[in-house]
Amino acid sequence: MSRAAAAITLANVTVAYDRHPAVHHVSGRFGPGSLTAIVGPNGAGKTSLVRAITGAARVEEGRIDRGGISTSDIAYLPQQAALDRSFPITCRDVVMMGHWRRVGLFRRIGGGLRNAVREALEAVGLGGFGDRPIASLSAGQFQRLLFARMLLEDCPVVVLDEPFTAIDAKTMADLLGVVSRWHSEGRTVIAVLHDHELVRAHFPETLLLAREAIAWGRTEAVLTPANALRARRMAEAWAEHPGACARAA
Amino acid sequence: MLLDPLFGPFLEFAFMRRALVGCLALSLAAPPLGVFLVLRRLSLIGDALGHAILPGVALGATLGGLSLAAMSVGGIAAGLVIVLLAGLAARGTGLREDASLAGFYLVALALGVAIVSAGGTGVDLMDLLFGAVLGVDDGALLFMASVATLTLVALAVMWRPLVAETFDPGFLRHAGGGGAAWHLLFLALVVLNLVAAFHALGTLMAVGLMMLPATGARFWSGTVGGQVAAAVVTAMAASVAGLLVSFHADVPSGPAIVLAAGVLWAGGLLAGPQGSLLRRWISRPHLAA
Amino acid sequence: MFARRSLLAAPMLALPFGARDAHALDPRPSVASFSILADFLREIGGPLLAIESIVGPEADAHAFQPAPSDAQKLARARFVVLNGLGFEGWMPRLIRASGFRGREIVASRGVATITSKGHSHGHGHSHGHDEADPHIWQDPRRAITMVRNIADGLAAADREAAEAYRMGAQRYIAELQALDTWVEQQFASIPRARRRVVTSHDAFAYFGARYGIDFLSPQGISTRSEPSAQQIARLVQQLRRERIGAIFIEAGASPRVLEQVAAESGARIGGKLFSDALSVPDGPAPTYLAMIRHNTRMIVEALAG
């Protein structure tokens, strides 16, 4: 691990699209080295929140404190990235991209980097796939490949948006192993997920989001029927033509 | 001698040698750019840019007289402005890149026509600027060779970010790689090569050699590097073959070269090593893993 | 020019007519088939004639399509002057259609002709083999015969002004003779063996015959927009083999391609030659005299360099 783990602190964060708040006055903290799942009903603003954390979306109001690191120090796997899976590139070259922050334009690609790529591929169950074109990969294998790239990125914060959608159980189990490896390395990991059973089994902390933070803390305290009900009520209350927010600064 | 029909024309005539050198220079620089254009789904940009540079050419002619230097500079400037504006518009708003380019190039073309009509010279400026492969002179050759060298060096330097940005622009942007800058730099190279090639060899040859070998490269290789190499080789082969056909069979040279490139393209489609029709029809035993 | 001629002609006109009524001096409507003949008419008749040309400056008489306004010009006219020898293939029908009732004057009557080589001009027409080449005006000596024919024709049909026509023709013929001598002198400095040029238009046979210049057709090249390598190679070979000094080609091949041809064969590229028509008034060849002088200069410059 190259850097000390970072904490991400949200202070009254609002993210809006065309003045409608997708994330509404959310405050809280992802502790250093924490492993947190973000759950909530559809339209709860989960993707908007992680996009704000990674710097891809603008914060309308409030602040995000990233504990001294910049947004490019966050490894980010967006939701169902619209990548061209028939692009003429090998698995090795995709994983190699993970080293961009260190190698950049001119640094030579030495034996050390090649080893790192090989190890990453093995860690995600794609050992020996280095020379294969990505067009030959299944959906699950492709997702493993993206995880391998993130292994190379070696960032103190990892953010995943719905990483296990439409992949098989075996792949999911293997990739959860990678997540737990990151956690044991002390990195701060945040993942948007739908499957509450999976969250209960693998994620010690949870943020239940329904535009506003319904509950945030230890998973067993957050994922209660009462909180689920509050979240559902909150979702049903989203009005058609709201007036200006009374809490806006 | 068997080799006489192949080498004779080039040994005997200086204009054939010049034409060959011009084509080879174009074949080195343009097809790699073409491969990236195909991957970025900008295959039709060559035609669009050919029209989009008109206002620049017209202004260059107005300010600098009917000098080819002034018109070339004007054309390059216009092309750069248009790709820059189109790129910024696409990134700053939700407008897709191809739609953005379409919008800007049409406006540019209309502007160009208006400027030319107002100037009233009655001369077809584009005819003056656009050359023909058999008329390549020293100045045009030098221009082409310089642009080709610059392009190859630039591609070598920006290879990694260019591939990464083409495949996954979001990743590079996020990791601080400056995605948009590479894209604009790449398009600037495209503009430069097109204008140099229009001037030396004419529009058909310029766009033809940039795009035809590139669109067929996928049948020869499964990696970007391999496709670039295949495209360059195809373009060179087409240049030689086209010039020889033009010489022996009395076919106009520009079309002959592009047709030769087309034949090679069709060959790849039918029987190339990667994903061609032949490959699909003929099954080979699958591997163990 | 006009002013000078009117000043010369006016006192002469006054002599035969004296105090006759003004009608005798009204300009006679006249039509020439193309610009060169119109120029001859101007020189011969001056203010006596109101001249219109059917095929105007820098236009192509070979491929000309007459319009109704041309028929109207003819209908009004008292004289029409044409070259003959098949140059204005469209003229007979136009004359019939217009109801022309004046005097038809054929300028080429009695002129010794050269047999055409039978090449196509690329305008969509060609001279057949063994036909007379119609471009007789390119030789100033033959032009003198044409001017005499025109003056005789005018005089026969218009006796009142016959003397004026004859005097106008005489004066102009003197100028044509001076021109002929001048052209001969221009070419004197160039050895006969070097006087070989290639032109894309087969119109200079008479000029070539008169002054000892070989005008050859370009082998291979046509007026197609882009030539093949084979065509260029043939042309280069021809230029080298025939030791051609200069090449004059208008339409078709791009100028840069021609530059390559010139560089490789040692021939020089010449300026624009006027063959079948005069230039526009502010161009280099607005009159016949200017045209011959201009062509001569162009050829001499290209061969001398």
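By letter and in written order, the chains are A, B and C; residue numbering begins at 1 in each of them.
Here, contacts are C-beta pairs under 8 Å (C-beta built on N, C-alpha and C of every residue); 3 or more make two chains touch, one makes a residue touch a chain.
Values in this document were obtained by computation on a predicted structure and should not be read as measured data.
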Distance-to-centre winner among chains (Cα means, whole assembly as reference): B
Top-ranked pair of chains - ranking by C-beta pairs in contact: B-C
Per Cα centroids, the chain farthest from chain C: A
For chain A paired with chain C, centre-to-centre distance based on mean C-alpha positions, whole Å: 86
Approximate Å spacing (C-alpha centroids) for the pair chain A, chain B: 41
Computed distance of Cα centres, chain C from chain B, in Å: 48
Residue numbers of chain A (touch at least two other chains): none
In the complex, chain B residues that touch chain C: 9, 12-16, 18-19, 127, 131-132, 134-137, 140, 243, 246-256
Residue ranges of chain A touching chain B (in the complex, touch as defined): 54-56, 70-72, 74, 76, 78, 81, 83-84, 87-90, 93-94, 97, 100-101, 105, 133, 135, 153
Residue ranges of chain B touching chain A (in the complex, touch as defined): 39, 157-158, 160-161, 163-164, 166-168, 170-172, 174-177, 218, 221-224, 226-227
Touching residues (chain side chain C, partner chain B) in the complex: 224-233, 236, 254-261, 263-264
